[in-house]
Structures are given as C-alpha cells and as structure tokens.
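So that you can tell them apart, the chains are marked A, B, C and D in the order they are listed, and the count of residues begins at 1 in each.
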C-alpha cells in the first residue's frame, strides 16, 4: 500500500518536473534559422556538386581533360572530352558534363585530379521542377560565373 | 429581446465561435508546440501565421471527396457530424458571463454530460465504418477509455453538485462570488480534497477528449492516424473541429466548476454591457489558460500505455474520487452550516 | 500486468500489416502481425523493401569505388561503416595507417555514434508518442553535424575515410568546437534525464516490457546495445580491439534486466562513454601525417579471406573480403548488426500488446537499409 | 482504388481557383514516409533549426488520405514500387510529389550496369513535380523544394531567392 502512494506521489512529481522543463523552453529564444530570409555560410569543405577551377590569368578551366575523374567516379556521372590544340600544352577540355543526379558526393574526382582543376561548389539549395536542370555543363557554368 | 431572436443570435454566435475557435486553437497548438520545441511555428502565412487556419480550411474544403473502398457510406459520413454536433450543442448552456448564456437550463451540467457521451459513439461508428483494422483498434480503445474515465468524472461532478446544490451552471458560478478564495478549488471548508478533485476532473476531461497523453483515438506512432485513418479532406477537418470543440467544453466546465467561471478574482462587478464584457474576459482568460495547459501537456509527455491508462482510472482516480465523495458527504453532514 | 498473456492460438485472429509505410517502423520494414485483439500471436518481419545491392556492387567495383556505399548502409552511423570497410581493406592489403589518422577516425566515429544515439533517443520517444524530446535531441545533433560537416563536407552520408588515412585533416576550430560540444552536452543530459528518463509514463512503458533473455540474445547473435541490455558484456572495441581503442580508457555499460528500459539506459550511458573517449583522444592527438607516406594508388590485396569487425552504433559490423588478387573484391560479405537484432523480434513479441511491441521495436534501434543492404 | 477518375471542373472560377491555390500552397501536408537516408534530412528539416512549420508544411500525416504532398525521400526498390504507387493512389486530389535526393530522381549512386534491385527514379511511375538533388540534400534544399512547389501551385514566388556562392 505504501508503495502505491509512493509511486503515485513520485510519479506526479516527475510529471510536473517535465512540465517545468518544457515550460522553461517555451520562454527561451528559438533556435530557428529562417531560411529564405537568412541563411548559413557553407563551411569551406562543404561538398556541393563539383565545379571547374578557372585559370587565374585566362579564366579558362585548368582542366586538361586527362579523364582521371571520369575513371575514378564510382557512379560514372562525369563525362569529359578534350582536344589537342596548337601551342597549348596538354589537351583543352571541350566538354565536361556532370550528371549530378547520380552523384554521391564522395569526392574521389576531386581527390584524383592531379592538376587541381576541380573543387566542390557551395551550392546547397538546388530544387527545380525539371530533372534536366541537374545535368550540368560545367564549362558553361564556369563561363556564366565569370 | 424576444426569445426566438435571442436563440437565433446565439446559434450564429455559437457556430462561429466553435468554428473559429477550432481553427485558431489549431494555430495556437502549432505555435505553442513550436515555441516549446524552440522553433517558430507557422509564421510566413499572414502576420504571425495568422492566416494559416484559413489556408488549411480552404485546402481541406477543396480536397477531393471520396469514399474509400469497402467503407459503410452512411456511418462514414455521419460519424464526423456525430462528433461535431453534440459538442456545439453543449455550448448552449455554457455561461460566458452572467447574462450571456443561450439557455439557462436547470440541468445544464447533466445536459453537457449527456451530449459529451455521444462523441465517443461517433468515433466508434466512424472507425467501424472505415473498414480499416487500425481504425477499428482505435475505436475499441476509445470506447473502453471513455467508459473508464466517465466514472471518476461523474463522481467528481456529483461531489460538486453536493457542494453547490444545483446543476445550473450559472448558479454554480454565482455561488463562487467574491474574492478568488471563494472559487471552489480553494474551498477546503466545503471539501478537504478540493484541489485533488480539480486534478481528477482535469485529467478525466483530457482523457474524455482523447488528448495526449491519453490520445488513444489517434495514437499516431501506433495506429497510423487511429480512428481518422481513412478520412480525407473535410471529414478529417470536421473530426478535428469536433475534437477541439470538445476540448473547449472540457476546459469551460473545469473553469466553471472549480475556477469561478466568469467571476473576477476580486469582488468587483459591473452592470449592463460592461458587466458582460468584464465577465466574458475573465471567463475566456481562465478558459484559454486551461487550454494552454492542455496543449502544454500534449507536447511534454509520451503517450501512456493502454492498460496503464485503464489502471490509472480504475486503481487511482475512481478510488480517490469515491473517497472524496464520502469525505465531502460527511463534511456536509457534520458541518451543515458551511 | 506486464503485457504478456498466455494466448490460445485457436481463437479467432486477424492479420495486421505493419508497414512498409508505418510511422513506427523507421523506414520500409514490414511486419506481418497475426493479432488476437490487440495481442500479437505471431510477428514476422518481411525484409527486402530497400535492398540496394551493396554486396553486389562491392563485387563489381574497384576497392575504392565501394567507399561511398559504406555511408549509405547505416546512414546514422556512417563513419563506423566507413571505418569497418576501410580497416578490412587495410588489413587485407597491409596498409599502414598513421597514428594521427587513427585518432581522427576514433574522434569522428565517436561523434557520429553520439549523433546516432541522439537521433535514436528522439525517434524512440516519438514512437512512444512524445514529440518534443525528438526536437531537443535534433538540436544537439545539429551541433555534431556542423562539426562533422566542417571536416567531412557532408551532413549525413559521409565518405571520409580513405585507405591508409582520412580525406582531410582536422583543424583547431574543430577541436575547440568538439570540446565545447561535450561541455554543452554534459549539461543537456540531466535535462533528458528529468524530462524523459524519470518520467513515470515512460518508465511504465519501458520497465519489464519486451524482455530479451541473455540466452535469446545469444541464440540470435544480437550485438551492440541490444546484447548489452541483456547482460552480455560484449563490445568489439574492448574484446577484439582495433584502431587506437586499447589506448583509451572507457567502460562498457551493461544492464542485466534485458527489458526495453535496459536497452534505453545502455545507449544513454554510451553517449557519456563516447564523450569520454573523444576527450581522451583529443588530448592524446599526435602531430603528423594523415595519409601514409607512400601514397596508396592501386589497392590489390593478396589472394585470401579477410575479416574485420568494428563496433558500430548498433552493434558489431563485420566486413568479410575474399580477394583473388585483382583490383576488386571477389566476394564482399557484410555482417550488419540490426539484421541479427531484428531476427529476434518474432520470438520476443509473442503474446505482447501492439504498443509494447512497437516500444520493443523502437528499442532495437532499427535502420532498415542496413538490414536489407 | 487506382481506377478513380478525377473529373475536371465544368465551370472554371478564376478568382476562386486563385484563392484555393493560395490555400493549398500554404498548407502542404507531407506524408510521414521515409525510404532511406534522405528521410533523416526530412526529419531534420522539420526540426527546430530549419523549421518547416513556418510555411505551414510541418503537419506530417501518417495516413495518405490526409496528405497533399508525397516526399519520396530515398531509394525506391523494385519490391517497394507497388507500395509507393498504392500510397500515391490513396492520396486525394489535388496531390503533388517531390523527389528528394538523387536516388528518387534517377536511382542515384545505386545505378550500375546490370542492377536488379532499384527503380531508376520516382518519375518512372509517379508524376514528379519537384526534384531536389543531393545525396542527401541539405534541409535548406528541401525548404527550397517546398517553395518551388508553392510557386508551381500559385504561379508566383513570395519569398526571396537565395543565391549560393
């Protein structure tokens, strides 16, 4: 019988303690970040889709179309083509298509690039009614940016 | 004012009150839940998200209406109304202030309990008619829960009737006039266990309205959406309005029986129109404080286990309320002058 | 009444399909329940709704190309899975890992374990009908995700470990942030305790509910918190030590009761132990390289059969590799802990009430894609 | 249940349609329905830090009958496909589908030659309205997806666009 009352009292007490905690939080400031009005800075290592790094002088991509990223990509979402041009060392990249819809952001393309021509972009809020929007032509994207 | 005009005016008032109240209680609930959880809650739709209920209403009303395969069409359609209508009917006898009451019936308290019991029938029929196993389980739970909790609730009410000698809600409020220590919850001279009966009554009204932690009817993580599982669009909306109307009734009764209804905490009363406003504002203050507590409780606790819920009723609430009944009877018999 | 009742199976029963879309199954698990009223006569988990061919992919790709898959099996403790696979390949190909890299691995894995347990805590209370603790747990979890994102670049499905090291080095900001997080989390734990653990409703729902005996846990090969909640003192970190765990001092919380409450308490205690491990690892963190001196180019383990197990948040995760000396696996077999943990569900739920069975399911901490692989 | 035919309205009310569109766009109730990894980010979006509730879209209903939008968050396996389709059919009109994450868009990292287990994209059998790429997408991206869907329903965008650098 005493156990009955003990449990009753301690149980009721625990319920009031719970109410106290949530009541305290009711008056505390919210932690919400109101997304379209304010937004986070992505950390330097944030992995968005990859993008080409431009050569600082010419603005052309540093990529020499060696194809290591294409080879190293686990899901085969990169398609690189390049051509040999007069007076240029290595190849010039003519086509760099990233099919972002199968990418897993593992970073093996960036890691495998020996020429420092790839990096992760900071685009984190992509959404669109069209699927085709996410098959990126990275050369086009680079031109748009500069 | 002629009687018929008064009745029509009150019907309009009660309907719009019940509708708006349900809509904005949902808003309060979402906003309150948001702040308890350290987020904002609805905000972008109108100032402070105040247009959110309208958007929800417009959406629910324009949703496709259809009868899922295998349902009993009549029961399926009637059930939401059976939850909603009795709740609205109960508003008729609630005194919002001394003169602001649709019908001052001698048996007002009894009438509310009579109508409140129909609510569970609606849920049962709806869940039976849905032809869904989850809904059926929820319906069965709901009935046993309501049966179990009606008993301590009624015993406590009988205690209150013994103390006040009336079932007229307005009379009950009038008997609590004066300073706030005259509210029944503080009248230990009438019954020693008054605060306990208040607690019992409040817990029972939580259970009767299927609110967390006793939300067996919905039990989201167990029974999908419980009794409402198969209801699309406005059928679901009406259920929800009914549920919120029931919460208001439960909290209003608690306020009337224990917290002095429309009485101000100080002995200050006005006549005429000002008096109506004065009384109403105190009533609504108490009402919404209680409703806030209901919301607060919902967002704090996990759901009780079903047999624990019955245990609580049969092993704790009923014995205590019976003891309370006997104690009060003795107290009245021994000290009849109080 | 403890929720178990002898049932006469010949009574009229009905079948209830729990899932594949059900709020309490944490994904796409389906449980076929034969019910007698609200009592469960028979429960049969049906798997395969999220089978993603991980093992097949392992046999089709080079060793390195399988790395992103690791994070997607158990997305809640992705780094443990990274660790398991990477360590197995390192064992097979005999790749040395610099000490600093090992410490970084331990720190990030333990952070990941805390975030996994926090999410489990929230989701478990959500199963029991309480919504607010979930959001408080998510608040704390966001801290960890921010920390891990600043190192690994992702929030959930990390692909951070590489053969012989890790992808990025950690910086001072990360170390300071981690220390701050631990300080903050130590203050939060009493709040969880008061709000949830000591709550009478929760105690009533978990105490003596869903008992799993030591013997049953052994028979089904349960590991992790499920086994430790049944009194089996087994933790891969202690009993088959790997990485730098032998140099760190931590306890294995073991509870004898075997009920849902015991499993709950094991995980809550493990959060504290993980914080202890992180603190020590941060103190001992040596300077040095994070990748082997000789860069790992093409991994080609010798012919043979290799196994390596790690302690993931849900139990022992083992990787068995069969190599035929080529640049991809001949056979890759993954032993995922929840698969074994779930298999005891059918026996454990006999005669239970539906809500109790769901509480038991929550306490097993299921991650379905890991079961189906 | 899959055979319901939705009748087009006989009379078209322009203003009413606009108001209803506004109502629908601002009260998108998603289904509590997670398939894989992305579901965790979906939960995170509903949590305090990002708070989907601000747009009235936090009412995760477990029953498809009360949902407006289905967020396909994760890989759809061939075994799961009929179940997803049933769930979609059980939702009352008007309804929308958001494909969240690369798996739901195209099968994601699990597509390889000779794969036998997964459906390569939710759009193979559902009319997808919004695609959100990422593996998994950040919670902001899901909010962005909800906003895009609102734009699709009402025809204009009420919120500023955030340009990522």
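Heads up, the rule we're going with is that a residue touches a chain if its C-beta (ideal position, glycine included) is under 8 Å from a C-beta of that chain, and two chains touch if they have at least 3 such contacts.
As the structure is a computational prediction, the values presented were derived from the model and not from experiment.
A.B. asks: More contacting C-beta pairs: A-D or A-B?
C.D. replies: Output for the comparison: A-D.
A.B. asks: Counting in whole Å, what is the centre-to-centre distance of chain A and chain B, each centre being its mean C-alpha position?
C.D. replies: Taking the average C-alpha coordinate of chain A and of chain B, the gap between them is 49 Å.
A.B. asks: Rounded to the nearest whole Å, what is the centre-to-centre distance of chain A and chain D, using the mean of the C-alpha atoms as each centre?
C.D. replies: 21
A.B. asks: Averaged over CA atoms, how far is the centre of chain B from the centre of chain D? Could you give it in whole Å?
C.D. replies: The answer is 36 Å.
A.B. asks: Determine the centre-to-centre distance between chain C and chain D, using the mean Cα coordinates as centres, and give it in whole Å.
C.D. replies: Computed value for the inter-centroid distance: 29 Å.
A.B. asks: Going through chain A residue by residue, note those that touch at least 2 other chains and give them in order.
C.D. replies: Expected reply: 15, 18, 21-22, 25, 30-32, 34, 74-75, 104-105.
A.B. asks: Of all the residues in chain C, which ones touch at least 2 other chains?
C.D. replies: 22-23, 61, 68-69, 72, 132, 135-136, 139, 157, 195, 199, 201
A.B. asks: Taking each residue of chain D in turn, which ones touch at least two of the other chains?
C.D. replies: Only 47-49, 51, 54, 62, 109, 112, 135, 138, 159 qualify.
A.B. asks: Based on which chains touch which, is the overall arrangement a line, ring, star, complete graph, or other?
C.D. replies: Complete.
A.B. asks: Spell out the residues on chain C that touch chain A in their complex, using ranges where they run on.
C.D. replies: 61, 64-69, 72, 132, 136, 139, 146, 149-154, 157, 159, 162, 167-168, 191, 194-195, 198-201
A.B. asks: Where on chain A does chain D make contact in their complex?
C.D. replies: It is residues 30-37, 39-40, 42, 48-49, 74-76, 99-105, 121-131, 133-134 of chain A that touch chain D.
A.B. asks: Any idea which chain A residues touch chain B in the complex?
C.D. replies: 8, 15, 18-19, 21-23, 25-32, 34
A.B. asks: For chain B, which residues are in contact with chain A within the complex?
C.D. replies: Residue list for chain B touching chain A: 32, 34-40, 43, 296-297, 299-301, 316.
A.B. asks: Where on chain D is chain B touching in the complex?
C.D. replies: Those residues of chain D that touch chain B are 1, 4, 6, 19-20, 22-27, 47-49, 51, 53-56, 58-59, 61-63, 65-66, 68, 90, 92-94, 158-159.
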